[in-house]
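Below is one structure, written out as structure tokens; comments come after it.
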């Protein structure tokens, strides 16, 4: 959620309503059953997301700032705390999918209760501390909105019945994509990251703003397409260990990967599951739902490499992000083909782009105080940074400084590939 | 389901309706969410049971015997085939809990469709082959009724909210149980097992009737109580490897068992989860939800042993099963204390009693022909026989020759302990 | 080791020397390196066997019966106790292969020390209790002699260099084997098992002698050959789930079994590793190194079944074991083809024959007192009985009542297949 | 191995002899048994190291550059190829410890054979390509010398008998260490890395030399001691999840870590296994054998952080590495206490220092051509960089630009902790 210091409390109340309603609107096409399961540990039940984001406001705003606030249900503090050790024990993540209770309707009642308490609070005069917490809570909920999309996609897409989430997506006409070109960036000192309490919200992991030196580099102007990735498949890319990181080769073999997640069928009749169901693979759309390992192997096969997170950020900042993206909408939950243009595009809101950068603290990074210090900091090991947001990222939530992070083997997010090269 | 050759088709139609309705009545207190999850691989989602038992009639009766029968949904043959390799591939068992579709209401529609087709068939003149299949299908559904009870008990009982299945069980007054006594049985040749196509239904694993020689033995007149098992716990039974089978000791340590399933709290305030929720442990009720390993360790601690399946069957037959049980009812899904009597009791319908007998074929055993030969035969390794039925066993389903079987580590069934001893 | 009450102490001293020397003679062809590794948990390092059998005499004879006996090395009580919880903690079995110390030569020094103490003891007047312990210790060492053979076979046979244990086995001329015939046995009460303290040694798991009733049965006159098993392979036996026990099918897939252990190469050029190295598969030799699951699937494929342990014992006893076997020798560590005869043969000393009997206590079974009660009793779950001994069984160690036991998936022993059938 | 372009072939021949002999000298105190086992997958058998380093010369020098060179044993190409997919299949790493053959003496014969061929080659006129390969092979062997030390330490140190590698280490007098102070470094552009084919050898992962911008920082002048780490332990550091990275907390719990590797005993009588056996923990020695997770948790507990690899490299370069280390020797295989000095020390040759930097390619990094491109590049994911070398690092092998890398959970290397802080 974008926000600024000058935003009035009335705006905050409105933002609160808007964001919270969007979570529920996203779930409208789901059936009760779809809210309840956890096919893999990283995919949480949808009702858990709805309850956890609510608990976040209860634990970090209402309980801290509203005198005499009565906790809605004390066991929810255990069930819907995700990972905040400072707050106390929490229910084991891999077992979230075993919880048939609270019921979906009870979770909605919980949301209603907390929303009312929040609206009361937001009608009073609130100081900057509460204000910052609410804004953080809304951004937190937006992150879970993206996870809800990827999670119900996994739940529906792995079901042999291949149900669609909603059937009426407008199908774009498939059309050839221009061949890949690159933009050049000069060497130099560049600014990356953002100041907290600057103009607008950011997470602590984007701070502080600082300088880095970049050698000159090339960045491909668009994302890699399904058609290009199919060439990699046809060329035996999944069978040639020389293209793969050592850990990636092991992981691929262990998991039996032969294609991107959601692809199926033989070459001649390849299909891809999207949220409107299985459909013929569209060669012009960006390839998505691939691991870092596949992205990296593709890049090596193509004689290129992945960009660092700073190369990506510098390129995006310097060209102006507004030029670089089309506005995604809730009605279009699949990445779209590139435009016919040699300009840098598809940077924002199509696919999260795997970078070669490990997720590490910026120089001078200081986590938030208290339990919220666990929000980002403790995950800064063994994961990779992704940039740019995806079709599942809520409008207004993404920034050029935004750092998302996943394990190299994760495939259930809308992840994609952009190539980079050294100059010279 | 008990049945006899002389039963008219009208009776079969009525039995069909009764049994099928009972499955749905058992589910009446459940919420949609409760139908959908699989906390451990051996606990299947309730809606899966409802669909699988329906598929059984569709695959083994309607498709085989009704000309031009149109399969309701061809993918259900994949989703709801449990393990019949002869019929084809089936969905992996550990992933049943990931299937949010078909919806619960769609499963009920499937049941309705098959019930109508079955009722049509049963209104026509049917031969003995169809008749036998239908009776098998009803007994199959009754087995799943028991599994549904133990499965939703697990689903609800492992939820930190400890929901009750239904709240109005009549609580029996707790009362002291008489101290343990034994009945004596002489050596001799005895008949065990049953003839298929004899007077009434049996599964193929109960056949053929045959003779075995039994040495003299003693059998305890009632089941072991919670109070007696608590003494074993207090005496360090879970910490003394000399009491345990080697595999049992390893399994106990791996799984961290310190108490029976569903027990919790410290000694002074021990509680047990029942289908009406957590409640104070009743010392007079039979201990239940224990593995064979715990039953065996308890017996060794008590200076006794478990009975063989034939010792149990002979004792039960010779005393007359009708004297040995009280009629259980759907309203009382927890084993009840013994009566004040030194006669052999609690043999039928309280707890499945672990025997020391491995699940093996009887001499001359022949599985059913075709796919149904997979019903029982292929499980005859590494499991133990249990006898007597439990409070979750449907009325009329249990027999003195009935052989149930589970792995030695399984605890989620209503399992209990009866002791035996050698004479002399 | 066969023994009788009338055997003089001098004989015992001589037996002690003979048995102990045989262990060391078996190891003579090994290199130091071959003594030290544990490729799978069930294969112990050879030096561990040499030390453990020595510890057995130290712990159960010298420490118990020799006043002021000084323990050789107190840490050996921890390192070389296999599984006797009554005695105390023991080193974890799967880590035995990590122990580079004590050295092989130190283990031999330990053996020498204990042998001297034992010889001193055996030169004195000893009572029956000591005598029984010594005899048990010698039989225990003989069991480990067999394990040493199968363990170093595994260690050498899984090495890509395929070293031979000793190169000069006389290769028998391959010759066709007569087609399979069966002997018939009538129904009746038969005696099985043995009395402890009767005429000669037995393990507690063979006691007490007792009666069982057998229905009439047929037993194949010889073991199944490599050639016959190859037919099963060629007929797709490993790919047809209907032939397999459910657990067996899962295990086969998990372990990737496509052939018996030690077989390799394509059909036309199949080889088998023997202790003299890889060699062309001999169609006339008995198939060996197969799991119970493969034996059972083969039997089902052949329209037969495995025998129960009592069917085997009765047949072997009634025909006279001495007729049934050829004397194996240390020079010939591979099962040999059947003779041209329709009489029951190959029952003793070729391959351990998987029976369909689970390993359970006999009626009235009482384990030995004290720690030695753990010798056999605590393993009576989840394993299957094998009968008859193998080429690796020391001369004089096997009996018609002898019960060996392994898990259904174990393949590294010299296991084989004999078929049985019902009559009528 | 340090080297320069001007070094004559005679020097190379001499270097070859020196390095190769050092490997064998390191093994002199070992017994044959100690060469053969693999207690954890990352610890390879010592004889495997001896053979693999030899194979490296055979595969990358002799086979490529010596016409008509006859491979010593073709199966060694399979057994002793570590991970070079370009060359072909290789024996599975976790099974190296099962290989009792080739024997230790056969491995030494293999070494002798290859050494003779190499000496012949080095007596001829060789070009720069061969020369570079030989130098790479020697540096490769030196890396394995370090692994041999840490591997036999693990093999001996995990044995309950706690054998010493060699008994006559001179024990330093324990003495208090000065309290921790920091050196300050200004912000600025700094050079890191090295040019290949520059003055002396480096690995490809150190290239190319390039610039990075550093913010100002503080670096502690010495390593963290056992005494300081014991304070962390006493303060409950292993029980407070707020101090740990999320992955670290999970790993610690999974592995049951309560202390550094090789520590044992209660607080009052803490001991540490060193290569001269168990001994009282010396509070003044650097703590070693800890994971990145423990290093990171300690730093957080101490209100500091780990340095980045570039902060470390810049500090080390700017102060002059020669001042920063004492020459380690083969006789002293344990890190030594700091000197009484506030100057930056212990940077080289005491403990590998965990940095907060993930192991990634430098900008413009190009792997070596051909199979040797797999040497470093394919491991650039999920590992962390360590700097400075340890007491086990061969003399002359370490550099300020040297990048070692291990997984965050690895503890069997001589790893230690140096703290850093932000300025202001």
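Each chain carries a letter (A, B, C and D) given by its place in the written order, and its residues are counted from 1.
Methods note: contacts are C-beta pairs under 8 Å (C-beta built on N, C-alpha and C of every residue); 3 or more make two chains touch, one makes a residue touch a chain.
Just so we're clear, the structure is a prediction, and the values are computed from it rather than from any experiment.
Set against the C-alpha centre of subunit C, every other chain centre is closer than that of A.
Mean C-alpha position of subunit A lies 46 Å from that of subunit B. The distance from the centre of subunit A to the centre of subunit C, with each centre set as the mean of the Cα atoms, comes to 59 Å.
Chain centres here are Cα averages; for subunit B and subunit C they lie 38 Å apart.
Counting partners per residue, subunit B has no residue that reaches two or more other chains.
Taken together, the chains touch in the following pairs: A-B, A-D, B-C, C-D.
Within the complex formed with subunit C, the subunit B residues making contact are 83, 85-86, 189, 210-215, 217, 241-242, 244-249, 292-293, 296, 305, 308, 356-358, 360-361, 363-364, 374, 378-382, 384, 408, 422.
On the subunit B side of its complex with subunit A, the touching residues are 31-37, 39, 75, 78-79, 91, 95, 97-104, 155-156, 158-161, 163.
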